[in-house]
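For reference, chains read A, B and C in written order, and residue numbers begin at 1 within each chain.
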């Protein structure tokens, strides 16, 4: 319908088979397909293999991982607890620092142009280097363990929330800032009395989200950097104790689902 | 009009109202709502957990702390002139491999994801199916990507194909969630109008739902490409998928070759940054 | 006559891109006077108001003398101190909606607190008492602890007025205070502003869209067009002819 309608309106294009937009779409689609095919060739992707060897693969998998073995349950519970603590602490500190960074970055509050650009550069770098790479780099200087995991997660939370908070402050209604300025309030008073109360619920909601991410990331960070359930999973993997690994995975899945529910509930209540 | 000048004062002059005080003896400033109390509770508990974790739980190994390594890395970070040409091309190849891995997974995830998401959208599919698919997807998302990869490595052995399949499940779950939500945002009136003309399900999907949610789908696709690039970087060092940039950086790092390490990190940063800029442009366009 | 509170001379403002918003605007405001500024949108009313307390910086060569001080040459700290004595009421109320009416009123005292005390809401008891009293005077006694988000438009604007009044201002600037209100609430707000100038002796400079409202409440009316003052005199002298000159349209078109 829409298609014919546009043809009728666009008399100039009526005779042509493709409108410009359509040509663009077709080219875009072809490039897309080619890129996909090239990617598959490059990494040697073999789809048939998956179906051919499906049955023996599943048998092997079930044999290795099932039934899950909760052998060191005390260790597991402790590791999950540490993961939770690390995720919350790094999410909190990361978001806290990010809030101040965002104040410098935002168009509404960042009056100092040099500082704003500098901060933008640093946060862009931190955000766009994946946490696994941070783990690899920092491992050399900080040694394997909970502190390194904490550091890596804090960097992740910081990079992620700094940008979101800056956007959030940009989108906050600047009217009340103007009013406070007109009464003679200074910068920090305006931040504390206007920007902070208006953005607090959204800030907390994003901080919760970054904690959620931290918990999801805990496995990989733990394998690479140590600390929490990920560390345990790394050990089980290296020593091929797959039935215990399955138990640890069940723990982390339960934790992720649980925390999702809790944070969803909190978000509903505070927003 | 005339009474403006001779009227009595409009201001209410009454006996001064007594202030209310809170439990700490300070003058009350506002009626605290349930949401306010929840926010305060959250802030306090976050603070307590953080203080406990940082000061009483984490074990610090300061005797192993080597700030000089950080300094060395910083010094070596942009010294690409010291890298052998072969290593440089190897690193770039690894980057392309990694990107291809992420891209392929994203494409396969998207193609299958669209169909499953159509069945998971509540405005397109009635009954219990949407709820069921969403629950399964939520579970798939809760299992960390790296675990999916490990599971398939156990079955198929270590190869790029295994890595794609492992990454695929998380990607699929992501697309089911985001796509079905995008489909649900399609204006109900558009669908009703097509239904009124007697269009069937497929005609509704291809005539109304897909075209009007296309920009959103593309923007989700771009976001997942970025995520999957990050995942593809990760699975190298964590599982040992050969030929990915994560592995290459890890090797350089362990070998103390900080210039090569820095070069790799820079490549990863650059790719992620370009993807981010592209996504931002897409998002801005979809708003307009 | 009474003493002059505000005197502007050659107030000019050019925005980036060369748009001339104000051109050599000169007028005086006396104690207890209620002056309404009327004119079509884009005439520079809003810019004029904001140039007085330097929310917008006027061009070089402009002069704004408030309470014997030349505002345009004040430094940052002195400016903040001077702003404490100029209340401002806005079209969109400019309240922090997640805070209570009382907290918003107390924002008017912010310039008198240290950064720390202000940021953490450590207000003096007498300020809180005064804020509650002002809200009571404006008929908001029952709404003192309410969140501003839950107030009606008229109530929000009364909070805005209370915030200006708690400053103990020597001048109140009102930028379209009734433009977002229904007629009933608008009448109440205008009565309050009239009361502030007549009873409390605080001069009010009010930007208005509605000529008829200006004619009821103003002591004096300033008509602006394209950044110029084209009329300045008692409301009785504002004839239909002059209104047509200000708005560049026939009188029945304006009031329709």
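The rule is short, and it goes like this: a residue touches a chain if its C-beta (ideal position, glycine included) is under 8 Å from a C-beta of that chain, and two chains touch if they have at least 3 such contacts.
This is a predicted model, so every value here is computed, not measured.
Note: the chain lying farthest from chain B is C, by mean C-alpha position.
When the interfaces A-B and B-C are ranked by C-beta pairs in contact, the top one is A-B.
Inter-chain centre distance (chain B to chain C, centres taken as mean C-alpha positions): 46 Å. Per-chain CA centroids place chain A at a distance of 4 Å from chain B. Under the contact definition stated at the top, the residues of chain C that touch 2 or more other chains are 99, 103, 121.
Counting only residues that touch two or more partner chains, chain A has 200-201. In chain B, no residue touches two or more other chains. In the complex of the two chains, the chain B residues touching chain A come out as 34-35, 38-39, 42-43, 46-47, 49-50, 52-54, 57-61, 64-67, 69-70, 73, 96-97, 99-101, 103-104, 107, 138-139, 142-147, 150-152, 154-156, 159-161, 164-165, 207, 211, 230, 233-234, 237-238, 243, 246, 249-250, 253, 261, 265, 268-269, 272-273, 276. Every residue of chain A that touches chain C in the complex is listed here, in rising order: 175-176, 178-186, 188-189, 191-194, 197-198, 200-201. Touching chain A in their complex are the following residues of chain C: 53, 55, 80-84, 86-88, 90, 92-99, 103, 107-111, 113, 115, 118-121, 160, 163, 167. Within the complex, the chain B residues that touch chain C are 1, 4, 9-14, 16-17, 19-20, 27-31, 33. Interface residues of chain C facing chain B in the complex, by the touch rule stated above, are 99-100, 102-103, 106, 121, 123, 125, 128-129, 132-133, 136-139, 141, 144-147, 191-192, 194-195, 199, 216-217.
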